[in-house]
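Each of the next two complexes has chain A plus one more chain, namely chain B in the first and chain C in the second.
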Partner chain A sequence: MKKILPVDELARDSRFVRARIEDAITDPRQARLAERNTGSAKLEPDRPAAGDRARQLMHGIFVGEIQALEGAGRTTFDFDDEEVPFQLKLDMARQCWDESRHCEISVKLAEHMGTEIGEFTEATFLYEAACAPDPLLRLTGVNRALEGLAIDVFNTMKEFGDSSGDPVLAACEDWMLADEVTHVKMGSDWLRRLTETDPERRERALEFQRTVDKLFSLGGFRGETDENPIQLARRFREMAGFSSDEIDELSEVATEAQQEARAAAGLAPSS
Partner chain B sequence: MARVQISPETFTLVEFDAGVIAGITEELAAKAGVPDDVDIRIEIDEELPLPLTGATADVVDGAVALWFAGANFEDGRHRTKFDEPVARTELAMSLLRAGDRLSDRFAAAPDDEDLTDGQRQAWDTFAEGRAARLGEATRRVRRQYLFRLYNGFTDVADAAFDRLWSADTFTWPELEELCARCAAADPRPQPKARAAVRKETLKSTG
Partner chain C sequence: MTEPSAPRAAFAPWDRRELPGLFGVVESARRVGNYKWIEMRLFEALGGWVATVPELDVKLVLGRQCYHHAWHAELWNKRLPELREMNTERLTQPPNEEMVAFVDALRDPEAPELTIEKLVGVYRVLLPRKIAAYTFHMNATSKITDAPTIRSLNFILQDELEDWREGEMLLQSLIQTPEQVERATRRQQELEQLMVGAGGITGPGSLGNADGTAVAVGEATEEASQGVGVG
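Moving on, here comes the complex of A and B:
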C-alpha cells in the first residue's frame, strides 16, 4: 500500500465535487459582498439565511470528518515504529474510531437539516494539511491546528443548536466536541513528549501550526468578533492543553488573516 | 412590453440567463394560476452567493413583484452556475405565493418584509407543498428544518408543518392562527430580530 497518499487519490464517489480555495477567492461576488453591511456574521438563528448557512456548514463538517479520518488513518500507517512510538499510533487508531463515528453522526445531522451528501462542494485542504512528511508536523498541523478548528466549529454549532432550540443538533455537537478536545490534547501531549529534548524541533512544528492556523482562519472565517461566523472556543481550547498565550496568539493570527483578506479586496481595515 | 421582466437583463457575476428565467417563469405562472393579464417583475441580486438565500413575493400596483438572492438559483456544487431544478422550485413557490396575494384569501397579509420569520416559513411550506404537487423537485426535509427553526422544534410545529405541506387551500387568518399556536408551544424566548436577508444586505456601508 502506498505511503503518503496524495489528495487526488482519495476515494470518493460521484456525489462529491471538489472545491478549491482559489475558486472562492477569485469569485467576483466576494469583494462585492464584503463592501455590503450584512451585519453580524455570527451563526445565530436571527441572522439572514441562518438555516441555509447552518446546512452548508454541516456539510463542510461532514466532509471534514471524512478527511480527519483519512488523515489519522494515514498517520497510523505512513510511519514505522522507529519514526513514531507505537503508543502514538494507537492514539491515532483511537482517533480513527472517533472520526468514523463523527462521519456517521454528521451524515445523520445533515439529513436532519435536509442536506444531501454532495449538495455542496468538498474542500480538501484539511487532508492536504494532514500529509506532512514529518509526524511531528502532523501533530501540530492536524491535531492541534485542525482539530483545534474543529473545537471552534463544533462549539459554534452546539451554541447554534442551543439558541435555535434544536435538541438533536445541540446534543450531537456537544458529544463530538468532547472527542475533539481529546484529539487536541493528544496532539499537545505527544508534541511535548517527542520534543522534550529538542526545543528547536518543537519550535519548527509550532511554526507549521501557526501557518495552518492562519490558513484556517480563512480571511475572517474564525475569530472573536461579530464579523466571524466561527467563534474561537477559549474554554475548550484550554481544556485541550492550549495556554492562554497560545490562544491570544491564535486570536491575533485570525485578526491578521481577516485584515489581509479585507486588504486583498481593496477594503479598509475593520475596527 | 413582455409580461415577464427580469432585472438585470444581463448577469455579469453569475452564469444565469435572463431569457431562460423568463421562459421558466412564463411556464410556471400558468401552472401556478397567475392570471394572464398580470405582469410579473423579477429582480435578482446576483451579488448574493450561497448560502445567503432569500426571496420576497409581493403584489405592487397590480403586478407580481418577486425578489430573489442569486443564491436561490445557484448550484451548490458549481459556484456561480444556474441550477434549473432548484430555480424552478423557487420560482414556483414565489408565483404561488404571489397568486395567494392576488386572491381574497390573503388580502390581509402584510408585505413579505413585514411578516415574522415563522409566518414566512409557514407560507413557504404551504407553497412548497403545492409546488411538489405541480411536479416540481422539492426538498421537504430542508423545508421542515427551516420551518422548525422559526416555529419551534415541537410536536405542535411538526403537526402544523404537515398540515401546511399537504394543504391546497389556506387563508391568511388560518396561517396566522397556526403560527400563533406554534409560538405558544415553543419554549424558546421570542426572537430578537427577523432574518430578512434583503433588508440586511441593502444597508449602506456608511
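Moving on, here comes the complex of A and C:
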C-alpha cells in the first residue's frame, strides 16, 4: 500500500455520488438563488425548508465523518516513526475510532431524519486537506479548521434539535460535539508542541488553516449573524484551544466572505 | 467478630499463583518490545486501509479496531520502562527480518477489490498468532512478578478475541463464491508461510521451546534467563 492515497482513489460503494465543491461554487444558479429573500438563513424550525436543510446537512456530516475517519487513518499510516511522534499516531488512531462511531451515529440519525445514503452528493474537500504531505498541515487543516467547523455544525444542529423538539437529534449531536472539541484540542496541542522552536513552520501551518477556514466561510455559510446557516460556537472553540483573537478573525473572514457573495450576486452589502 | 490479631497467610487457599515464571525481566521486555512493534504496524495498516475499502461496514470496523491496536501499543510502551528499558525505541523492534517481510506482505494489498486479501491477513493469520503468543506469555510468566504484564495481556486478549471474531464474521459474509474461497485460501497460505518463517510474532520460541524453556532460540543468554530461578 502506497503512502498518500489520492482523493480519486477513495473507495466508495455504488450509492455515493461524488461532487466537486468548485462546481457548486461556480454553478451559475447560485447567484440566482442568492437573490431570493428568504429571511433569516439560520437553521430554525419555522423556516419552510428547515427539515430539508437539516437532512442535507446531516448527510453532509455523514460523508464528512467518513472522510475524517479516512484522513485520520491515513495519518497513522503515511508517516514513519521518525516523521511523527508515537503519541501523535496514537491520537490519530483514537480519532479513527471516534470518527467511525460518528459515522454509525450519522447513519442512524439520517434514517431517523428520513434520508438515506446517496440522497445528496459527496464533496471530498475534507479528505483533500488530509492529504497534505506535512502532518502539521493535516493537524491545522483538518483538526483545527475542519473539525473546528464540525464544532460549529454540531452545535447548530444540537440547537436545531432542541428548538424543533427532537431530543434524539439534540442528544446525538451533543455527544459528537464533545468528541469534536477533543479532536480540535488535539490539533491545538500538537500545533503548539511541534512548533515550539519553529515559528516559521507554525505560521505556514496556520496559513493553511486560514485558507481552509476561508473556503468554508464562502458565501456566508458560517458566521455569527442571522444570514449564516451555521453559527460560530465561540464557547466550544475556546474549550478546544482557540484564542479569542482567532475566533474574532474567523468571524471577520466570515463577514468578508458574505459580503463578497452578496457583491457577486449584485446585492447591496448587508449591515 | 473477626480477630484482628489472628495471623493469616499472605495467599488465600484458593490463590495458587506461583514463583517463578519462565521469563526473566530481559526476556519479558524483549517480547513486549516485539508486541509493541507488531501492534504499531497493525494499527497503521488498519488506519491506512480504511480509505481503500468500499464496504461501509468493513470501513467502520477497521476504524474502530485501529484504535484497539494503538491502545495495545500504548500499553506496551508504558510497560517497557517498568522492565528497565528506558529507551523504549530500542526494543520496539521486529524479532527478525522474516517478520518484516511478513508485515510488508500483510500491508501490501491496496486496491478496493482486495478487501478479502486485506482481512484474511489480519483475521486468519496475524490475529490468531497474536492471540497464541499473548496466551503463551500469560501462561508462562509469573503471575506474581510479572503481574502488570498479565493485567495488560488480559485487557488486550479480550480485544483480540472479540476483534478476531468480528473480522472472521466479516470475512464469512464477503466470501460467497468458489473463486473467493480460492482467493482467501491462497492469501492465507502465502502469509502463513511467511509467518512460519518468522517463527511467530516474537520469533522462534513465540510459543515456547520443545525443551520447556521460553527464551528465544539462540538468545538464551545468562541475562535473558534471569528470574527463571526463584533467586
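The rule is simple: the second predicted complex is superposed on the first by the 270 of 271 C-alpha atoms of A that agree within 3 Å, B and C clash if a C-alpha of one lies under 4 Å from a C-alpha of the other, contacts with A are read in each partner's own complex, and residues count from 1 in each chain.
We take it that a contact is a pair of C-beta atoms (placed from the backbone, for glycine too) under 8 Å apart; a residue touches a chain by one contact, two chains touch by 3 or more.
Every value quoted in this text rests on a predicted model; they were computed, and no experiment measured them.
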- Query: For the three-chain model obtained by superposing on chain A, do chain B and chain C clash or fit?
  - Reply: fit
- Task: Give one of first, second, both or neither to describe whether A:Phe86 is in contact with chain B, with chain C, with both, or with none.
- Result: second
- Task: Applying the touch criterion given at the start, work out whether A:Arg12 contacts chain B, chain C, both or neither, answering first, second, both or neither.
- Result: second
- Query: What angle, rounded to a multiple of 10°, is defined by the Cα centres of chain B, chain A and chain C, with the middle one as vertex?
  - Reply: 120
- Query: Between chain B (first) and chain C (second), which, if any, makes contact with A:Ala72: first, second, both or neither?
  - Reply: second
- Query: Taking the superposition as given, does A:Met113 touch the first partner, chain B, the second, chain C, both, or neither?
  - Reply: first
- Once the structures are superposed on A, label A:Arg94 by its partner contacts, choosing first (chain B), second (chain C), both or neither. second
- So, does A:Asp46 touch the first partner chain B, the second partner chain C, both, or neither? first
- Item | Shortest span in Å between Cα atoms of chain B and of chain C, once chain A is used as the common reference | 19
- Query: Which of the residues in chain A end up touching chain B in this complex?
  - Reply: 17, 19, 23-24, 27-30, 32-33, 35-39, 45-53, 55-56, 111-115, 118-121, 164-168
- Complex interface listing, chain A residues touching chain C: 1-2, 5, 9-13, 66, 69-70, 72-78, 81, 86, 89-90, 92-94, 96-97, 99-101, 103-104, 117, 127
- Given the complex with chain A, which residues does chain B contribute to the contact? 13-14, 46-54, 69-71, 76-80, 117, 139-146, 148-150, 152-153, 186-188, 191-197, 200-205
- Note on the structure: In their shared complex, chain A is touched by residues of chain C numbered 40, 43-56, 59-64, 66-71, 73-74, 77, 89, 92, 107-110, 112
